[in-house]
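What follows is a set of structures to go through.
Consider the two complexes below, in which subunit A is the common component and subunit B and subunit C are the respective partners.
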Partner chain A sequence: MNNIFNYIDKPSPIHRLSGATKFICLMLWSFAAMSTYDTRMLAGLVIFGVVLFRVGNIRIKEVSFVFGFMAFFLVVNTVMLYVFAPHHGSEIYGTSTVLFGSGRFSVTAEQLFYQLNYTLKFFATIPVVLLFVSTTNPSEFAASLNKIGIKYSVAYSVALALRYIPDIQSQYRDISQASQARGIEMSKKASFIDRLKAASDILIPLILTSVDRIEVISNAMELRCFGKNKKRTWYTERPFTPADIIAMVLCGLLIALSTWLTCLNGGRYYNPFK
Partner chain B sequence: MKKFGVKHIVATGIGAALFFVLGRFVAIPSGIPNTNISIQYGLLAFISAVFGPIAGLLSGLIGHFFIDFSFGWGIWWSWVIASAICGGLIGLLTSKLKIEEGEFDKGSIVKFNFFQLVSQLVSWAVIAPVLDIVMYGEPVNKVFIQGLVSAGVNIVTTAVVGTLLCIAYAASIPKKGSLKEED
Partner chain C sequence: MDRDILLQFTDFGFQYKAQSKPTLYDINLTLRRGERILIAGPSGSGKSTLVHCINGLIPFSYKGSVTGSLKIKGRESRDMSLFEISHTVGTVLQDSDAQFVGMTVAEDIAFALENDCVGEPMLHDRVAEAAKLVNVNDYLSHAPGELSGGQKQRVSLAGVLIDDVDILMFDEPLANLDPATGKQAIELIDDMQKRTGTTVIIVEHRIEDVLHRSVDRVVLMDKGRIVADVPADELLSGTLLEECGIREPLYITALKYANVPITQDKHPASIDTIRLTDEDKRKVVEWYRNTGEDEPEGLTEQLVRTESLSFTYDGGTNRSINDISLEIKKGEMAAIIGKNGAGKSSFAKVLCGFETQSAGSIYYMGYEITPMSIKERAEHIGYVMQNPNEMISKVFIYDEVAMGLKLRGVPESEIDERVEKALRICGLWRMRKWPVSALSYGQKKRVTIASILVLDPEMIILDEPTAGQDYRHYTEIMEFLLDLNARGITVIMITHDMHLMLEYADRAIVFSDGRKIADDKSYNILTNGDVINKASLKETSLYELAGICGIDDGTDFVRHFIGYERKHKRGQL
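Our next item is the complex of A and B:
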């Protein structure tokens, strides 16, 4: 099950942090990266993220699967940003320095700077998300949710989802192959609506068996008195260590830094054009 | 509102797992290169309609979070939140339908589709773009066009997939009072 989420079990300081810590840090980090458009801070986050990546003992080769999606996503977004709003940068920074070209699609320094920031923002979160994905055991993640104050019934839903993803995946494959063997066309040869209908034909048995599964699991849980107590224990739960506290404080400081910069710049954007 | 019991906890988990598998591994080529049709919103509408708003909201949230998570490209919170709201809204609006008791006639089909249309318009054409602007500072026309396109695609897929799922599910449940005592 771990290979869907690319969990790589290795000894490293990051692996030793508890799942709850890593989740909180991820949230704080992505919030910090999300709220600021300050180039200096974003560049700092990118570098800090890459350093952490080294600390986490994860090799680039082990996460290379992601680069294809990432490049695609980035290229599409960059092109769309430019096509839909070629002067968004000028609107933000209040000036317009035309480098070359004219009319709607003239290239301005402000637009290039805005798009640079946009790309940096993207690269500021990717190392951390990848690090979180590769160093957090999914079952521990579910347990950690409860620890940070989310109701255990919700945390248990997450754990159940993780538990049943592989089962549902293999069941889907079985049903899909069975219906293809019976001649249901799902490739490009069929029309769009036909393809949707074919997909639903696979879905119906999949969902109906899943509903049965819900019935079976919830009966089993009720028989074991699930939800009778206010608290429960978790097999994979780990206590906080000093390293956890330090990590959380550090990420908390990132938020403080981003807020401070926002006040300093008088807005989310760092403006070198003034 | 339906009570959130053990069954709903399990439904949330399984719903999120289904949402994840459909969104991550089941791709229907749309004809446009590199663009796939996602059918997971049909499933989400079904889960919300049958198990209520909380199960729908959480299934959308957890499932979408896991999809972004497994791609590793960063978690696009604005769209994750929009998925959650979509599930929650459909659940709220359809709470009068009694699909789980095996009732899904023509009137219910119309209502179900009207409600999913409203919910998805709100989620994809309003909430997701607004959050994109607030969170990521993206240009207004880009995010609204993205939002409208996804709203359109998701509404059509849900109208086909979601409706068929509800019909099949309702048909599999014995209706109340379907057994009669023999004379």
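Our next item is the complex of A and C:
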């Protein structure tokens, strides 16, 4: 079964890092990637990210669904960006080198370069997010959220949601099969509107049974003293190891690098057109 | 004050906020340290409410008004917090899936300690210790999906035991287990109690299975009151169980049919303890000789045939089916049995076209139906899911039942006619304008059956038709299915309930690890030791009773019993 958003348990140096480390690194990395449009830096992050993916022993196939989903949004986004602001690149870089075409939709080197950077940003962050999700045990993730100051009840509900995703997926499958038998058409034979209506007929029983389930779970949790104290401990929490410190320092350096580049470039953009 | 009294109800009553009448009346019950009690009662008798009162969910999560007093270890429970009560009473919930809140076995066992801020290395040590106690220490890093029902229940038990509670309460521990696992669960509870000296409360309506190991007292509830609080031997010698709609152990029923007087001094609590006189045994043998009749004629017309049917889920071998060849006769009422994951449901899903086989063929009245869509097959083979809530998507009963026809574009006038027919068969016509939410579980089940019947299938497959039902509702649903069968509809039931199969299925098809391992008359299956072991079933106590009375052919004795029981139930005797 293709898991949409799930932990993949494999031995790797990245799996061995503590959840909190990975979470902090993810934050630092994303901040570094968000704050700069420097092509060299972004390209470096993309390559580094791919290397980490290999280190984490996660194969593209295992996350292909989410990756494809996000790539789809990237394409839509890029097209929109061009349609609505075809000369945004020229505004940023201050020059306009028309490659071909004329008028509003003339293609400039600056615009292409800007959109290249934009795409690089995507490839610099998304793989790392996926890496985080697939190498971090959800309860460790919850523990790390709690560690950085988020209330444990909130943190735990995140973990619990992840815990029940596979169950709900299989329940959805069962309900949808039974509904199809009664005549709800979910295949491509039906029109989009019909399929949307059909989906709502499946979602109603799914939601109602989930509500029942939530009541049972919350009772089960309270009966075992969830919410008794302001704090709780975590079975999966691990103390920091030297590897954790190194990882966090490295990611801290990324921020420093991106800040240094910003100063050097006199702004967030690296301008080769000057 | 007696320090050994852990729990004391005095003139206790409870009324839910939204209800007009109390659910519990005049409850007087005392539980001492080290005691083992069984609380039994039909659905709606108030036993779940009593459970909630004991573990503190009432009044902390479910609001309502309490009268009288409930003292837990000498303190009025109202003055305690839910968490304080939880340290005294540990509850193992009926649905061990829902109780499983951790991502892995270890985390789930650790849950209560985590909430109590227990730190390392204590946390890991105590988890390891508790896991060892219930024998799940090899599975610490497993996710719930990788465990069997019995293992999940052991994990739940460890998660409660870790807190050193005084009282262990099991809410319907047998509901989701196959017969052999259920038997092991009762043995586990018993051993755990003997080793730790904990006080145990088991809430269950399957009395025969619980009494496999002894209890000190049985508390019988009916209509919100305690109607008996006596040793099991005494309860089984009376007629109270029958009056409350609880199923007696089968050997007791057989003895009653044979006119054997059942008294306390015969220790009727379990087939292992019962002492029968020679006179009693003679009566049983005589009854056996005088009953029994010719088998009804076998059905011959073939409805469905599968040939070497195989199917594998992407995930792995579990739940897959392998080389299944079988025949279903027109007008038959048969059961598909086997433990969880044996491939029973997968087989049904392939039959209905929900999944496509990797090899083999399915013939319906002689025609290969593999090319037919789910929707087309549903007009011949209907499938009723276990949980009716998973099938109902409309607000009103009429719309729900009409849905399949509307989606098929059937003309309005014909829809009216067919829906009326289906609703009348299912005894729901009077309620056609009601919202589905106003119905009981059993009635909802009938709505889902009606919504399948309306499509006029020749055959329906029901997944666990009576799961979680007490004897009265069980009988109601099963008699209804029998009635459908009498109208010519072929009924196939997927189940691990042995009573159901014995009483209602003429034939049982047994699955184990994705293969068909037996296909025979139900009474032959349930007396075949080899099949029983492989399919995680349990020998019926009737077979043992035959042995005790010196009847050599135990299988034939079971067959006589079923024949007699069927007539008896339908008032022909």
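We adopt the following convention: the second predicted complex is superposed on the first by the 222 of 274 C-alpha atoms of A that agree within 3 Å, B and C clash if a C-alpha of one lies under 4 Å from a C-alpha of the other, contacts with A are read in each partner's own complex, and residues count from 1 in each chain.
To be clear about the criterion, contacts are C-beta pairs under 8 Å (C-beta built on N, C-alpha and C of every residue); 3 or more make two chains touch, one makes a residue touch a chain.
This structure is a prediction, so every number in the text was calculated from the model and none was measured.
By the touch criterion defined above, A:V133 reaches subunit B but does not reach subunit C.
In the superposed pair of complexes, A:K121 makes contact with subunit B only, with no contact to subunit C. Of the two partner chains placed by superposition, only subunit B is touched by A:V154; subunit C is not.
In the superposed model, A:E222 lies in contact with both subunit B and subunit C. In the superposed model, A:I175 lies in contact with subunit C only, and not with subunit B. Residue contacts after overlaying the shared chain place A:A199 against subunit B, while subunit C stays out of touching range. Of the two partner chains, both subunit B and subunit C are touched by A:R213. Between subunit B and subunit C, B touches the greater number of residues of subunit A.
Once the two complexes are overlaid on the shared chain, A:M80 sits against subunit B while remaining clear of subunit C. Contact with subunit C, but none with subunit B, is seen for A:E185 once the two complexes are overlaid on the shared chain.
In the superposition on chain A, the residues of subunit A touched by subunit B in one structure and by subunit C in the other are 159-160, 162-163, 167, 187, 204, 206, 208, 213, 217-218, 221-222, 226-227. The touching residues of subunit A, counted against subunit B in their complex, run 4-6, 30, 34-35, 37, 63, 65-66, 69-70, 72-73, 80-81, 84-85, 88, 92, 118, 121-122, 125-126, 129-130, 133, 153-154, 156-165, 167-169, 172, 186-188, 192-193, 195-197, 199-200, 203-204, 206-208, 210-211, 213-215, 217-218, 221-222, 226-227, 268-269. On subunit C, the positions that touch subunit A within their shared complex are 55-57, 60-61, 82-83, 86-87, 91, 93, 95, 97-99, 101-104, 106-107, 110-120, 123-124, 127, 145, 159-160, 163, 313-315, 349, 352-354, 373-375, 377-378, 382-383, 385, 387, 389-393, 403-404, 407-408, 451-452, 455. By the touch criterion given at the top, residues 1, 137-139, 159-160, 162-163, 166-167, 171, 174-175, 177-185, 187, 201-202, 204-206, 208-209, 212-213, 216-229, 231-236 of subunit A touch subunit C in their complex.
By the touch rule above, subunit B contacts subunit A in their complex via residues 4-7, 9-14, 16-18, 20-22, 24-26, 28-31, 34, 37, 39, 42-43, 46, 50, 58, 62-63, 66, 69-75, 77, 135-142, 145-146, 156-157, 160-161, 164-165, 168-169, 172.
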